[in-house]
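For clarity, chains are labelled A, B, C, D and E in written order, and residue numbers in each chain start from 1.
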Amino acid sequence: MKDNYTRTNQEDLKEITKLCDLSLDIETNCHINIQETQSGDEDVGDIFYRFVILHAEDDVEEAVRVQDILQNDFCIKPGIVFAEMASGKHLLENLNDALRSSAWTIILLTENFLNELWYEFQSYTALFSALTIPNKQNTVIPMRPRNNPLPWERTPFILQSIRALHEDSPGFAEQVKKIFQEGKYKQQKAVWEYRKKNGEVSKQLDW
Amino acid sequence: MKDNYTRTNQEDLKEITKLCDLSLDIETNCHINIQETQSGDEDVGDIFYRFVILHAEDDVEEAVRVQDILQNDFCIKPGIVFAEMASGKHLLENLNDALRSSAWTIILLTENFLNELWYEFQSYTALFSALTIPNKQNTVIPMRPRNNPLPWERTPFILQSIRALHEDSPGFAEQVKKIFQEGKYKQQKAVWEYRKKNGEVSKQLDW
Amino acid sequence: MKDNYTRTNQEDLKEITKLCDLSLDIETNCHINIQETQSGDEDVGDIFYRFVILHAEDDVEEAVRVQDILQNDFCIKPGIVFAEMASGKHLLENLNDALRSSAWTIILLTENFLNELWYEFQSYTALFSALTIPNKQNTVIPMRPRNNPLPWERTPFILQSIRALHEDSPGFAEQVKKIFQEGKYKQQKAVWEYRKKNGEVSKQLDW
Amino acid sequence: MKDNYTRTNQEDLKEITKLCDLSLDIETNCHINIQETQSGDEDVGDIFYRFVILHAEDDVEEAVRVQDILQNDFCIKPGIVFAEMASGKHLLENLNDALRSSAWTIILLTENFLNELWYEFQSYTALFSALTIPNKQNTVIPMRPRNNPLPWERTPFILQSIRALHEDSPGFAEQVKKIFQEGKYKQQKAVWEYRKKNGEVSKQLDW
Amino acid sequence: MKDNYTRTNQEDLKEITKLCDLSLDIETNCHINIQETQSGDEDVGDIFYRFVILHAEDDVEEAVRVQDILQNDFCIKPGIVFAEMASGKHLLENLNDALRSSAWTIILLTENFLNELWYEFQSYTALFSALTIPNKQNTVIPMRPRNNPLPWERTPFILQSIRALHEDSPGFAEQVKKIFQEGKYKQQKAVWEYRKKNGEVSKQLDW
C-alpha cells in the first residue's frame, strides 16, 4: 500500500513538473516583472510572498529544503524562510512583517520547535492573526517535514487541533495544491497593496 | 451460496465497468470542467464531493482504498477522505466542511473507531446533520470495510441502529448503486451552490 | 405549566441556598486554604477552577453575571471568566491555561459570539480537548444566558449538536446540579496536581 | 452593571488596604533592609525592583501615578518608571538595566505610545526577553491606564495578542494580585543576585 | 547540504558580478559625479556614504575586508570603515559624522566587540539613531563576519533581538541585496543634502 502511495505521489510530482514547464513562460515573465520592479525605486524586500516558513533556529536548512520543494516542484513562489527576513530589524518586527507580507504562514513542526518558547510564540501569533485579521482565515499551516518531525502527541495542544500538512503523507501533493490557491493569494495581495499605498503614514496603526 | 453471491457480485462489477466506460465522456468533460474552474479565480478546494469518508487516524490507508473502489469501480467521484481535508483549519472546522461540501458521509467502522472519543463524535455529528438539515436525510452511511471491520456487537448503540454497508456482503454493489443516486446529489449540490453564492457574507451563520 | 416551572425553579434555588449555608464551613475552610497557599511560595493564580467561562469581548459583564450566579447561588467555586485570565500571556496561552486549569468550560452563546472567528476557534478548541484528553469528556457546556442569547438556528452547526444549558429554561437549576459533580471535579483536579508536580520540566510536552 | 463593578472594585481596594496595614511590619522590615543595603558601599541603584514601567516621554506623570497605585494601594514595591533610570547611561543601557533588574515590566499603552518607534522597540525588546530568557516568562505586562489609553484596534499587532491589564476593568485588582506573585519575584531575584555576585567580570556576557 | 548552499551562494555571486558589469556605466557615471563634487571647494569627506562599518580597534583589517566585499562583489559603494573617519576630530564627533553621512551602519560583531564598553556604546548610539531619527529606521545592521564572529549567546541582549547579517549564511547575498536598497539610499541622501544646504549654521543642533 505504501509503495502504491509513493508511486501516486511521484506521479503527482511528474504532473506538477509538467505544469511547471507549461507555466514557464508565465513564470519567466513573472520573474522579469519582479526584477523590473526591483530595479526601480521600490524596495527589493517589498515583495508580497506566497508563503513564509517559521522555523526553529536549528532548522534553517530544513526550512530552505521545504521552500525549495514548494518553489521548484509546485511552482509556488516567491517564498521566504524566517531566517532570511530583513536584517537590521527587531525579530518581533520580522515576525510582524512575515505575517503582513505573505499569504500563507507555514509553521515547521520539528523536535527543535520545543527548544524555545519563542517558537511557540511565533506560531501562536501567526495563528491569532489568522483568527482576527480579515482575509487571513485558514492561512496558517502547521507542517511536519520529512526530517525530525514533531510527533502529534508532543505538539502543543492548541496546534494539535489544527489540521497539519505532512510531507510524507501520500496526499501531500494534493494538499499543497488545495492550500495555495491563486484566488486567495490575489485577494490578500490586493489588501497588502492597498495598505502599502494608503498606510505609509499610519504605518503603526493598521493591520 | 457464497459462490453464487460472489458471481453476482462480479457480474455487477462488469456491468458497472461498462457503465463507467459509457459515462467516460461525461466524466472526462466533468474533469475538464473542474480543471477549468480551478485554473480560474476559484479555489481548487471548492468542490462539492459525492462522498467524504470519516475514519480513525490509523485507517487512512483503508479509507483511501475504499475511496478508490467507489471512485474507480463505481464511478462515484469525486470523493475525499477526512485525512485529506484542508490543512490549516481546525479539525472541527474540517468536520463542518466535510459535512457541508459532500452529498454522502461514510463512517468507516473498524476496530480503530473505538480508540478515540473523537471518532464517535464525528459520527454522531454527521448523523445529527442528516437528521436536522434539509436534504441531508439518510446521507450518513456507516460502513464496515473488508479489513479490520468493527463487529456489530461492539459498535456504539446509536450506530448499531443505522443500516450499515458491508464491503464483504454480496449485496454490496447493489447497495452502493442504491445509495449514491444522481438526483439526490444534484439536489444537494444545488443547495450548496446557492449557499455559496448567497452565504459568503453571512458565512459564519449559515449552513 | 410555565408558572409551575418557575416555581420549581425558585424552590430549587431556595434549597440550594440552604445547601450553600450548610456548606459554609467547608467553603470557608476552603477559602482559608487557598489564602494559605497564596501566602506561601506558590502562585496566587495556581488554582484549579471549577469552571471557566469563554465569552465574546463585549460579553464580559454577562460572563461575570453568570459567574456570580454559579458561585453564589449554586456554590460552584472558584470560577473564572476568560477576560480575567493572567495578563502578560499570549491570548492563545490563556486559552490553553483556561482548559488546563478548570474542570468545566462554559461557552457563552450570545449574538456577539458570531462577531469574531476567534470565539468560534475557542469553542472548537475547548470541544476538541473534551474529545481527545482523558477525563475531559463532556466537560464543555455551551450556555445561552438570559441576555442576548444566540438562537439555536444561528449557532454554528457543530455546537448545535451539543446539548446547551439555557439560563431561562425551567430545568436550569437541575441541569447545573447535574453538570458540576464533585467526583468529576476531584478526578480532574488530581490529574492537574499530578501534572503540575511532575510536568514542570516537560512543560510543553504534556496535556 | 458598571456601578456594581465599580463598587466591587472599591471593596477589593478596601480589603487590600487592610492587608497592606496588616503586612506593614513585614513591609517596614523589608524597607529597612533595603535602606541598609543602600547605605553601604553598593550602588543606590543596586535594587532588584518588583516592576519597571516603560512609557512614552510624555507619559511620565501617568507612569508615576500607576507606580504610586501599585506601590501604595497594592503594596508592590519597590517599582520604578523608565524616566527615573540611572542618569549618565545610554538609554539602551537603561533599557537593558530595566529588564535585568526588575521582576516585571509594565508597558504603558497610551496614545503617546505611537509617537516614537523607540517605544515600540522598548516593548518588543522587553517581550523578547520574556520569550528567550529563563525565568522571565510572562513577565511583560501591557497596561492600558485610566488616562488616554491606546485602544486595542490601534495597538501594534504583536502586542494585541498579549493579554493586557486594564486599569478601568472591574477585575483590575484581582489581576494585579495574580501577576505580582511573591514566588516568581523571589526566584528572579535569586537569579539576579547570583549573577551580580558571579557576573561582575563578565558583565556584558550574561543575562 | 552545506556544500549545496555554498554552491548556490557562489552562483549568486557570479550573477551579481555580471550585474555589476552591466551596471558599470551607471556606476562609473555615478563615480564621476562623486568625483566632481569632491573636486570643488568642499571637503573630501563630504560624501554621503552607502555604509559605514563600526568595529573594534583590533578589527580594522576585518572591517576593510567586509568593505571590499560590499564594494567590489555587491557594487555597494562608497563605503567607509570607522578607522578611516576624518582625523583631527573627536572620536564621538566621528561617530556622529558616521551616522549622519551614511545610509546604513554595519556593526561588526566579533569577539573583540566585547573588549571595550566604547564599542557597545557605538552600537547603542547607532541603534538609537535608527529608532528616533526619521528615515533612519532599520538602517543599523549587526553583522557577524567570517573571522572571529561573536556568537549569539555572548552578544549583548539588546543586539541579540535585532536580526543580524551572517557572512557565512547561505542567504548572505540575498540579504545584502535586500538591505541596501536604492530607494532608501536616495531618500536619505536627499535629506542629508537638504540639511547640508540649510543646516550649516544650526549644524550642531539638528539632526
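Keep in mind that, in the parts below, a contact is a pair of C-beta atoms (placed from the backbone, for glycine too) under 8 Å apart; a residue touches a chain by one contact, two chains touch by 3 or more.
Please read these numbers as outputs of a predicted model, since none were measured by experiment.
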Contact-richer chain pair (by C-beta pairs counted) among C-D and B-C: C-D
Closest chain to the centre of mass proxy, which here is the mean CA position: A
For subunit C paired with subunit D, centre-to-centre distance based on mean C-alpha positions, whole Å: 31
Chain centre separation (subunit B, subunit C; CA means) in Å: 37
Computed distance of Cα centres, subunit E from subunit C, in Å: 57
Subunit E: positions in contact with at least two other chains: 161
Contact pairs between chains, per stated definition: A-B, A-C, A-D, A-E, B-C, C-D, D-E
In the complex, subunit A residues that touch subunit D: 90-93, 95-96, 99, 116-118, 121, 124-125, 128-129, 132-133, 204-205, 207
Sites on subunit A touched by subunit B in the complex: 1, 5, 104, 130, 138-143, 161-165, 169-171, 174-175, 177-179, 181-184, 186
Parts of subunit A lying in touch with subunit E, wherever the complex brings them together: 40-45, 60-61, 64-65, 81, 83-94
Of subunit D, residues touching subunit A in the complex: 114, 117, 120-121, 124-125, 127-128, 131-132, 137, 154, 156-158, 160-161
